[in-house]
Amino acid sequence: MYCLLNADIELVGIVASYGNVTKEEATANAAYLLDVAGRSDIPVIPGASMPITEEDTVFYPEIHGKNGIGPIQPPSNFQYQIYPFGTIPYLIEKYKNELIVVDTGRSTTLANVFILFPDYVEMVHSFYVMGGAFFVPGNATALAEANFYGDPNSSNFVLNKAHNLTITPLNVTQHAVLTEDLAMEISKNSKNYYSFMLEPIFEYYYEFYKKSVPGIQGAPMHDLLTIMVIVKPEIVDYIFYDATVIESTEAKGMSFIDYRPTSKKGKTRIAVNLHYDLFIKELRRIMLKE
Amino acid sequence: MYCLLNADIELVGIVASYGNVTKEEATANAAYLLDVAGRSDIPVIPGASMPITEEDTVFYPEIHGKNGIGPIQPPSNFQYQIYPFGTIPYLIEKYKNELIVVDTGRSTTLANVFILFPDYVEMVHSFYVMGGAFFVPGNATALAEANFYGDPNSSNFVLNKAHNLTITPLNVTQHAVLTEDLAMEISKNSKNYYSFMLEPIFEYYYEFYKKSVPGIQGAPMHDLLTIMVIVKPEIVDYIFYDATVIESTEAKGMSFIDYRPTSKKGKTRIAVNLHYDLFIKELRRIMLKE
Amino acid sequence: MYCLLNADIELVGIVASYGNVTKEEATANAAYLLDVAGRSDIPVIPGASMPITEEDTVFYPEIHGKNGIGPIQPPSNFQYQIYPFGTIPYLIEKYKNELIVVDTGRSTTLANVFILFPDYVEMVHSFYVMGGAFFVPGNATALAEANFYGDPNSSNFVLNKAHNLTITPLNVTQHAVLTEDLAMEISKNSKNYYSFMLEPIFEYYYEFYKKSVPGIQGAPMHDLLTIMVIVKPEIVDYIFYDATVIESTEAKGMSFIDYRPTSKKGKTRIAVNLHYDLFIKELRRIMLKE
Amino acid sequence: MYCLLNADIELVGIVASYGNVTKEEATANAAYLLDVAGRSDIPVIPGASMPITEEDTVFYPEIHGKNGIGPIQPPSNFQYQIYPFGTIPYLIEKYKNELIVVDTGRSTTLANVFILFPDYVEMVHSFYVMGGAFFVPGNATALAEANFYGDPNSSNFVLNKAHNLTITPLNVTQHAVLTEDLAMEISKNSKNYYSFMLEPIFEYYYEFYKKSVPGIQGAPMHDLLTIMVIVKPEIVDYIFYDATVIESTEAKGMSFIDYRPTSKKGKTRIAVNLHYDLFIKELRRIMLKE
């Protein structure tokens, strides 16, 4: 929603993969959200159906709703077009050296793109990934954040191979909380064509977070923050360390950096402190057209 | 070569990936071998460039030669066409329920196809994989065969998801030895358009095997046997067990089955004993047109 | 039994640890078997109660009986003396450079002895360990033999540190089958003071093996063979390779050697082929006093 | 030193094991420090020589000095008595239900005591362990604290089996910094018989910490704090969670607890916040006899 409402961002395609819901549901959701915004011209490309770890993926309907966007679902007769996987190298070449790839889910599809089209990947301008949890508990396990836990091999691959990479990990996104008051204010704002669905979505997520994080004042916007820092990098602080994901044992999916005082810094930019006032200001600017 | 020379097999496409050489070299080699056979109409599709494990792939020029087919390489001015990755679901659909997929290298590309096009994969008739080593030492490590060692995550994925799967592991392929005498006989046979390159290729491989397996009487034809059992299944015996690949620790890449006397059998067909006389008979039939 | 019946062996102490039964039961059993032989002068020393892996140990009463020697158990009023753990370095020093240590169970106690008394361990003449399974299925898991599976860390430690080490692995001990005929013959032999308990013990074990290894002709004598090769080394053939135990993943407890044709040999002696006729001849010599 | 200077603590024995130095050096050091205090009556018991992981132990002379107490070493003609390992169950029984076991090094010996003498271990009053690092970088690796890293299997064992267990992890001990000023003040204090060696020891450690933790104001007293919280528990805050140590992969030696908002609490007491003023007050009270 933020992408489409923000004139500074030109959304050129959405790759929809398994994760919170199946690939098919994610594809329909993406097409529907584009349709609501009157932007059905933006291609929706189905990506991965499952992680490279052959385990069956666990979906979390109690968090994301049966269909992946809380209680909202596309109308049953909703029709939409999908684009083939080969559209990805085409788009990369078209927006050569300017394309920014944002990955807010499991990294399976992105790793596949690296494996299949390495020459095209070099033409991407930069990568933004939501994932990991540094020096805080995870949300999927005691140690692991859900995106990195869902396909640790692919996440590790992306962390290792992607250039100009920015990570917005759980330790910072968990503070990007959308409060009930602001959510209600946005849902009543007529300038925003998503207003009508915002209240039920917010209530659905908030209900879950109240249970899992007692005392929380709203719902954290993990994916929104990941996109927001592209246009408003000053919303967070950064450290530069190259991160790794543990692929097996009890620590599966855990990300870590070597943060000891004298260790070597890296090239990956990792968001650390959230400037909450700036986050809310930007959120209001786009969602309330202030 | 065997595929093209054997009228019982209709080769409908070759997916060329990294493995013994880079993806680019493998693609050129495939195109060249088709060209020699006068079959440039068969599509060559570049696949994976690297495994999902983010480690750098080790190539083995001392085994397979600098370019992947011993000392042979395509002419420097050799031109050829390649087909996009999206050709794969198209081919699967075209040869729906009849297509046999043979994987004689790392399983990275095949796993990607499962992840990206699961609905198409269901239309494949059966899968034949060369890989693993059961109850014998490996060739990549003390425990692991090279194909499964090269991308154990993808191999495990394929072993777990593929239907009608036949494995021809190292313990059987290592006995499918092409002797020097027969190699020379084939290389002098004018009915076979590959004859001219067979002697140098054989000598290259045999040189390597004499060093690594003292006393061996020729070069084992791992990939050839994998294809041969499609048309001549009686060349080997089979057991039915579902196999697993160890993904980490010292046992990385090792495959195993639960072969204890009272354990449960599986659905994967695994080749076990080679009937060498049948193997040689078939080899002569195709290569010498006997 | 074999040790006490064989005049070539001087048994100087028994360390009784957890494994098939608890440490307490193993201690009582050892004391009782010595008592039956009229050799209560031989010290029984309680060893480890559990493995270093903090998992709870699984006992196998269906194999070894509720008390560890099939259906046999010491009389309820059986009294015996135990010796403290510190007796071990004392015994090693007393039989300096002549003491042979035989380990037929989990290697926890033996590893502890290495850790606590490294200077004494150097005075041991040689070590004989029953454990591991090379190129055959395991008996505890598809890959692992029970002794190495029970405490893989300690087994690995011993394999790595012990000098003059001989392993009799499952692949050879499983062929050291005591047939029903011979068992009955021994149980009727009056020269052997264990005769009276042999029939019920044999029947108990044989019952189990008939179920787990359909078609087997008797009960394999894993531990007996381990001891027998000390005095009759010609009963088996040997290879020399240093073995390793996998400590985690699905391969936990699996032992392996690098047996590829050109790999480096090691210093550990591993039994491989059983000369069954020699085995039976020695068994008859001792048990039937032939 | 703190133990002997503090009348509230009755030191009844020291088990000296490998760790920062070899077992032999640690034994001599313990005996020497007792000798300086005029307390050679307290038994010194040699414990483990190496960890159960069969890797060679790395000592850190750049931290702890060639002999383990910075530049200090026992006189070359220093004579002392050692007590056998069997003294441990004897001491436990003697101080039944009152004995407090403090483990400030690798947990190998302590795990061995659990394995060999489980009935005695039950008579121990409580356990205090220095080890682990929660939500902060490690000091041995990016993830692991040195004590847990040195023998993760044994540490895990102790964390799992010990009752009334208090852990003082790196995240709290690293703040227990002894400043240069206070160190000098203590070293000039005539009431403290260790004064003469304090300055050189402090300077040695401080030199190391200045390099490894730029900006640090003194040397952290990891082991001292572990003992101090026995008599002054109010010096730190506590949380109650059961901790686990990762035994393999890149996360080897890392400790973790499930600290997510709704996770289950445990029975292990883990120190978290240091009340630095209380720490210094207690340090002054004992070391300066204030």
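Chains here go by letter, A, B, C and D, matching the order in which they are written, and residues are numbered from 1 within each.
Definition applied: contacts are C-beta pairs under 8 Å (C-beta built on N, C-alpha and C of every residue); 3 or more make two chains touch, one makes a residue touch a chain.
Because the structure is a prediction, the values reported are computed rather than measured.
**Q** Return the chain whose centre of C-alpha atoms lies at maximal distance from the corresponding centre of chain A.
**A** Farthest by centroid: C.
**Q** State the superposition rotation angle between the two copies chain A and chain D, fitting on C-alpha atoms only and giving a multiple of 5 degrees from 0 to 180.
**A** Roughly 180 degrees of rotation.
**Q** Chain B and chain A are one sequence twice: same or different residues at the contact, by the over-half rule?
**A** same
**Q** Whole-Å distance, chain A centre to chain D centre, using C-alpha means?
**A** Taking the average C-alpha coordinate of chain A and of chain D, the gap between them is 44 Å.
**Q** Can you check how far apart chain A and chain C are, centre to centre, with Cα atoms defining each centre and the answer in Å?
**A** Each chain's C-alpha centroid was found; their separation is 57 Å.
**Q** Compute the distance, rounded to whole Å, between the mean C-alpha positions of chain C and chain D.
**A** Computed value for the inter-centroid distance: 39 Å.
**Q** Residues touching two or more other chains, restricted to chain C: which are they?
**A** 247-249
**Q** Under the touch definition given earlier, write down the residues of chain A that touch chain D in their complex.
**A** 135-139, 141-143, 211-214, 244, 246-251, 254, 256-263
**Q** Using the touch definition up top, name the residues of chain C that touch chain D in the complex.
**A** 47-54, 84-86, 108-109, 111-112, 114-118, 153-154, 156-157, 160-161, 247-248
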